[in-house]
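Right after this note come the structures.
Shared between the two complexes below is chain A, which pairs with chain B and chain C, respectively.
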Partner chain A sequence: MTLVRKPRYILEDQCTGCTTCVEYCPVVYPDPFNQEISTNKAIHIYFAQAVPLITYIDESCLYLKEKKCGICEDVCENDAIDFNQTAEEVEVKVGAILLAPGFEPFDPKAGNHYGYGEMQNVVTSLDYERLMCATGPYEGEIRRASDKKHPQKIAWIQCVGSRQVNPPGGNSYCSAVCCTYTQKQVILTKDHNPDAECTVFHNDIRSHGKDFERFYQRAEELPGIRFIRSYVSIGKEIPESKNVTIRYATPDEGVKEEEFEMVVLSIGLNPPADAVRLAEELGIELNPHGFCEVNPKNPMETTKPGIFVSGAFQGPIDIPESVFSASGACSQCGELLDYRRGKLSRERIYPPERDVSGEEPRIGIFVCHCGANIGRIVDVPSVVEYAKTLPHVVYAQEQLFSCATNCAKEITDMTKEMGLNRVIIAACSPRTLGPLFQDTVREAGLNQYYLEMTNIREHCSWVHTMEKEDATEKARDLIRMSVARAAHLEPLQEIDLSVNPAALVVGAGVAGMTCALSIANQGHEVHLVERDHDLGGKARSIYQTLEGLDVQAYLRDLVHKVYQNPLIHVYTDATITDADGYVGNFATRVVSERGTTEIRHGATVLAVGADVYEPSEYLYGEDDRVMTLLQLEEQINRGSEKVTDAQGLVMIQCVGCRNEERNYCSRICCSESVKNALALKKINPEMDIYILYRDMRTYGFDEDYYREAADNGVKFIRYEPQDEPVVEAGESEEGRPVLKITTPDYILGKKVEIDADIVALAAALIPSAGSREVSQLFRVPLNPDGFFQEAHVKLRPVEFATDGVYLCGLAHYPKLLRETIEQAYGAASRVLTLLSHDAITASGSICEVDENVCIGCGQCVSTCAYGAVELHKTRQGKKAIVNPVLCKGDGLCTTKCPTRAIQLKHFTDDEIWAQIDAAVETAQIPSKI
Partner chain B sequence: MESEPKGTQDQVHRSLADSIREGFEGNTFGDVMVVGGGISGVQASLDLAASGFKVYLVDKAPAIGGHMAQLDKTFPTNDCSI
Partner chain C sequence: MCSGRVDLEYVLRAFSNGMDGVFIGGCRLNECNYITHGNYDALNMVLLCKRIMRHIGLDPERLKIAFMSSADGNLFAETMSAFGSTLKKLGPLGKAEGLDDEELKTRLAEITKLVPYIKLTKFEKLAARLENPEEYDQHFTQDEIERLFDEVVSFYIDPEKCQACLICARRCPVGAISGAKNQIHIIDQEICIKCGTCLEVCPEKFSAVVEISGESAPPPIPEEQRTIVR
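Up next, the complex of A and B:
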């Protein structure tokens, strides 16, 4: 592949991001990162937390245009400006390509949607994100363009550029993310200004994601919030106030026109701007919407082998799906290139560690400017001078960017030269750069736990921008406290744990089997455990997907591959009786048709699936003409005449969920109903099909099928939970025995009565019966709805907080087959990031019990969320003992211990007390507190 | 035409496969190129690197982060999205 590296006109190794050049640059230019609401300079850093955090020069530069100016070259102290840079061709040879070019926000200017670009106070939702953001155009204050005032009365218009066929210019599909991001914006707006009045004009509310339904309720229940179901148009801009009017209609009040101070357009997701060029260059195909054409059996596969796709280029998807489709694509790259794994990486070798235990503390302090981040607020040179006066401090200096490679080397060199045995870096949070600086001190031959970081950025300069003197004083205090702590620091050893290369996958539905195959195809043994006698899970009762995939054929092929793979061991009729161990070294006891087996494995994947709710509503179980959607699908595929010859068929959505007992949406039922309606219309076009729904949630490209169903004469009637349909046995006018369904029709404004031969219920997906037991065995949490709770909803969607335990499929939340497949590959990739290493390193900062002081009360045992503390019998009675591998070093147990027998290493009482004592000089403490 | 003995044909196949593989040895065909440095591309690069592959991460912007970096906060915890 030939890549073109665009010139940055900056020498990346020399730029420190100090932003002096930005100050002097005379060119003021709309800032694309802030949606052109605010301005920036021709030379600037892309955004405050950019990686890399260095400047670049854009095309607005005077020198680049007319060879004028060049001020930045003169003011740069590091000679980092290089106007002679040209576009550079780089050739790379790769074994696989992963496309993740994302999406392009819909541009409402193009079709003149809702006055955007003409009326100043009409903004897009992305504009609004920047307006709310602390690094945005008004530093986190929501102001409107016309008069820079804070708007009080704000309206959101949903589906801008989405779900739109007429007039042309929009996209027919649903962008899937706008409903929830609007609710988020409403909640945040109320945080900014509790008096704000927010109105959301919407079509269906699509809260189909995990926890989305509760989030919607949270937004809806806030005071001053209105959700109005109505199509709208922009009325006019009021000349004096620049307010904007919106025309809408409600069933009760008819057409109304209302004035708003600001209007936010909830814009959808378009394909990436250069999708066509990218597709041509790489020889892949695009779908009719201009997104990547993918394999329906594997949405991460493009039409060209070796080229994979993840994220929003697959179609409009949310962040968690972007994350697990990325991991999923990686697992497939791994299957392809397994033979090259690890051949290109290099091992790091550190110098031997110096024993400093007999020495007096010799502390060195490095105070970082962090470009202007700290230096502009805190008087760094005076802090350095002060630091030199503190006890045990033998060296102090300032640095522009301690994390820059040259500065890190300086720290290593000075540590060696001055014989330092404690290093303090006063800079940012240890959460971000702690590991890097631990490395730096190791390079100097010191144990990495002799590093102490003082956070004078997040805890000081960033929060005291207006109080420079006080901030400097605080920086001094924080450093004095760090010095006191550093003197007490002790060297700690990290443990290397061997990793068992095998994996255990619990549940052999599509999720479990797909995950197992991908792991096995990368050379690892997999134990696949299934409760049932047969493999396949819920997919066994699905015949087709909405896109037309033959699910049974797909499943047969999958099961065949699983049994064919010599690295996969299948256990059916299995029960897990015991699960023990920790990341890299689990032991699980399984009773199956093979007898009792103790499986040793390094990673665990939970793919236990879900169950279908058995309805108690709508005569289900009493009248055999009432069935679930799955039963309907089975009868359609069997060619049951009872179903195919029906004159009238009614489907009722949201049966058993979106209610008090199960406050979530089952996500897939709307698409499933549309699928079955289309199938029935194909067999019997005369059939009267009604779908009674609350919100149709055919998100993404499935919207096209919803429209197709409506075009084919399927009737959609909305109902509300307080006025549910009623199903009764009765007779039609001709005397035919039918089911009579009475439901409100809000468009007609009255109740309608429908005769049906069949009623199909969209029964909820509910957590699998065994999930609670599994969650207890593997010590992983469930969410309030009973589905498994991942480590982080957005960023760690396929793993648990417990190391080495992963999750995929319906066990996580209801999802479509293609999403299950993606998530299964995603979990496989995360498993591989663990299993492809021979060993993992456990932190040295863990808890330790002094048995002489421990009274065996067990408070620490019940406090520990990781099961890391146990009581064991000794001659002196019961004593607590910490498993160093399970301990995460959160220190909760130390707060419970009545005798201070349990201590968290690196944060011992002595260290913390020393730090606190140094906070205020004794003389300043009032005698009474 | 005389058909070649089967063994020879196998050898031909094997040596072809070997030569391709050898060609890869000194090369970097085990690498992966990730196009796009948004949340998906960044996650992919991290996974690939952590499981032993060298990654070229390519983005058209001067910094990685994509559209997610532009978001103020994210559902459901309203965490900072950076």
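Up next, the complex of A and C:
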């Protein structure tokens, strides 16, 4: 395929992101990144976290338009500006394509919803997001457009452009993320200004994500916060104050009009702007909403083989789903391209490491100007002169940009030339460039742990812009401390750990099987362990998805593929009795119908699923007309006349969750109820179906089915947890034995009584009975609700903090079948990232025990949550020993050790004491170590 | 490395070097980079150290811990400015508290010597996870710290019972025990870190090591009486 690369007009290798050019650029125009609330220049860095963090020149540039100006060329000290660049066509040959074009925020101007664009103090949620941000238009101060004052009384209007059929211009689907991002904005607003009054006008609150229910409660319980369930319209803008009025209705007070200082429209997600062109270009289809048409069995597959999709182009989804759909799509690209894996990569060769252990410290210091970032505050030349006077320092120089290629080469060259055995770079935070400079010293033949960085930018010049002399003094202090530490640095070896290429997958439901197949399809052996006699898990009791997928046929096919795959070994009726080892080298003992097996594997995937809550409410278990949704689905598919001939059927939502005991939403039940209601209406259109709900949470495109159900006469009645429906056995007016359901109707403002032949309960999904045991065996955490706790809710949704252990499916949190499939592929991708390497490298900065000093008190052992320290018996009593593979180098054990027997290498007591002592200029710096 | 790596001894060392204040910054609580949640350990260390500072007459305000993320630039700036003004108000270390340099150094040195002992006796509280800020104040009480220093233990080898077997001398992690074959062993109280290893390893049939609480150990027996005649 052919790609067009737009010119940046900047030489990427030369630009260091110092932004001097931005200061001098004369073109000022509204900044699109900050929603055009503040201004930017023609040459600029896109945003504060852009990668690479360097400038580009856009179309507003005077030189590009009229060949005038060119100031940036003159001020750039690195000659990084290149106006001769032109658009480049690049042709690439690829085996798979992954589409991740994201989404476009809904534009409320287009249909002129809610006065946006006309009233100054009506903003979108994205405008508001920028206003709150530290890198936003007012550096994190929330100000309104009309008078730049901090608004005290702010309203949010939910579902702007979402769940909207009339008037046209909106989208019929639910954008799935707005409820929670609004709650976040409310919480952050209160952080900014504790006195702010925030009002959220909403329809259903959809907090169906993991931990979102608690998040909602946190927002709702803040003082000065109102959540009001009402449709609203914008009243008017008050001419004097530019405040805006909103009309809404409450059951108690009827229609009201209230004034707000600022109104935030919680806008939804539209398909990406050029989706149609992209689809035509690539020959893929779009769905009726304009998002990517996907395979219901595999939501990462487009209609064209080899082209995959991830993220919000699939439809409106939140960050965790975006992340695991991205990983999942990668795994499928991997299945196609596995035979080419590693063919294009090259290993980096470093010169041999010089043994400097017998030498006195010879320290070299490179002090960076960082363009003007450091140089204009800190007097760099005087700092260099000072550095030369410090003990062991044999060389010091200044550099314009230490990170620039030519400067890095200078560091390598001088290190060799001067025979340096310690290198100090006084520049920025080691978080960004530490690894780069480690490479630089390795290129000079030094062990990378002989590098020391002094942060004189974030810790000094940036925070003391008004105090140049003091900043220079501080830079000297910081460098003196670094010199003291550098003298103590030791060379450390990073260990290569071999990786066993096999994987263990625990649980053979849809998640486990999908994950196992994807791993096996990329050439790795998989041991698939299932507690039950049969494979399939919870999917065995599901017949159809809301979109109409035949789940049983899908499942049969999946099980068949698993058994057919020669690389997958299935263990049924299995129990895990023992699990040991660490990333790359696990050993797990399994007792199954095959007998006892000790499985050796490099990665572990936990896909143990979930259970269904057995209700104790609503006569369940006492009256056989009361059943769970799954039982109802089973009866529908069996054609049970008791169900299909029912005159009245009531479904009750949120049974066993969203309560004190289980403070979470089971996410899938609303869609499941709608699915069953639609199926029943198809069989028996006369049936009276009621769904008693708290908030209908048919997020995303499922909203269309909710609407369809309502259009087909399914009646939805809301109830509140403090006034739950009551189910009793009784008789209808005609004397038919029925279940009588009494529930409040907030629209009618009174209790209603419904006769039903069947009551179906949306019973919660609860953590699988074996979860706790599995979590203990594999030493991974559960969250307060008992579901497995991933490493990071948003950014690492399929991994545990423990390296080499992954998760997917219902074990993580309730989710729909399509989401389970995505997450299973996602976990497979992370597993492949590990298993496709023969070895992994562990940091050299880990703990080590001096046995002569260890008294075997075991405080280090109980401190280490990684289980990296153990006591072993010696002739001199018990001594601690560190497993270098498990140690993550936090150093907690070191502070607990009474005898300093255990030390964190690279941050030893000696190294840190030296630094503490050198902080005081008068303190004696030992000249010898 | 984690904020939990900051050792009690580092803080004492900084004050001993004449620093007017010590600030420790950690990740937000419950957002630890590691699964160990070491920032809670840092918090415990600070709470303990503040009590110790009060015990030796230093203003505990000179030590501050705050939890923030790398995105909390404003919070960091506010925290540091406020801490800076607190220290300015307090004035130079020691002078404000009416302690002369020598006295302060001596007191800090005495406490520093006890750090291993403090770590051993307060281990559980140092590793605790305080979920509620209201618990902070009572985690270590001033009484508890006074008691800790009042009841400080010493280890002493009873010359009547010592059989000069060398076991304790070999196992002492700091080399505080002198002795040889047929020479009664002696603990150098200046070097001893009070870890109790000698008490633990002295063979039961001898039981020569005794733990003394709240008073100092008797002086060692004169050199000429150390030889055991069997």
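Throughout what follows, the second predicted complex is superposed on the first by the 879 of 929 C-alpha atoms of A that agree within 3 Å, B and C clash if a C-alpha of one lies under 4 Å from a C-alpha of the other, contacts with A are read in each partner's own complex, and residues count from 1 in each chain.
We adopt the following convention: a contact is a pair of C-beta atoms (placed from the backbone, for glycine too) under 8 Å apart; a residue touches a chain by one contact, two chains touch by 3 or more.
Because the structure is a prediction, the values reported are computed rather than measured.
K.L.:
In the overlaid three-chain picture, which partner chain does A:Leu98 touch, first (chain B) or second (chain C), both, or neither?
P.N.:
first
K.L.:
Tell me the contact category for A:Val798 with respect to chain B and chain C: first, second, both or neither.
P.N.:
neither
K.L.:
Pick one for A:Cys857: touches chain B only (first), chain C only (second), both, or neither.
P.N.:
second
K.L.:
Is A:Asp917 touching the first partner chain B, the second partner chain C, both, or neither of them?
P.N.:
Touch partner of A:Asp917: chain C, not chain B.
K.L.:
Could you look at A:Met1 and tell me whether it touches chain B, chain C, both or neither (first, second, both, neither)?
P.N.:
A:Met1 sits against chain B, while chain C stays out of touch.
K.L.:
Taking the superposition on A as described, I'd like to know which of chain B and chain C A:Val356 touches: first, second, both or neither.
P.N.:
Touch partners of A:Val356: none, neither chain B nor chain C.
K.L.:
Just to be sure I read the superposition right, which of the two partners does A:Ala196 touch: chain B = first, chain C = second, or both, or neither?
P.N.:
A:Ala196: touches no partner chain.
K.L.:
With both structures superposed, pick whichever of chain B and chain C touches the larger number of chain A residues.
P.N.:
The partner with more contacted residues on chain A is B.
K.L.:
Please report the chain A residues shared by its interface with chain B and its interface with chain C.
P.N.:
Shared contact residues on chain A: 134.
K.L.:
For the complex, which residues does chain C have touching chain A?
P.N.:
Touching chain A from chain C are residues 1-2, 4-10, 13-14, 17-19, 33-38, 41, 45, 70-71, 73-74, 77, 115-117, 119-120, 123, 126-127, 170-171, 173-174, 193, 195, 197, 201.
K.L.:
In their complex, what parts of chain A are in touch with chain B?
P.N.:
These residues of chain A touch chain B: 1, 3, 6, 8, 33, 35, 45-47, 49-52, 56, 92-103, 105, 126, 129-130, 132-134, 136, 180-181, 183-184, 187-188, 191, 211-212, 215, 278, 310-313, 319, 322-323, 325-327, 329-330, 333-334, 337, 339-345, 793-795, 829-830, 832-833, 836.
K.L.:
Touching residues of chain A toward chain C in the complex: what are they?
P.N.:
Going by the criterion above, the answer is residues 134, 140, 431, 463, 781, 801-802, 845, 852-855, 857, 859, 862-866, 876-877, 888-892, 894-899, 901, 904, 907, 909, 912-913, 916-917, 919-920, 923.
K.L.:
If we count contacts the way the header does, which residues on chain B are in touch with chain A in the complex?
P.N.:
So the residues of chain B in touch with chain A come to 24, 27-41, 43-44, 47-48, 50-54, 56, 58, 60-79, 82.
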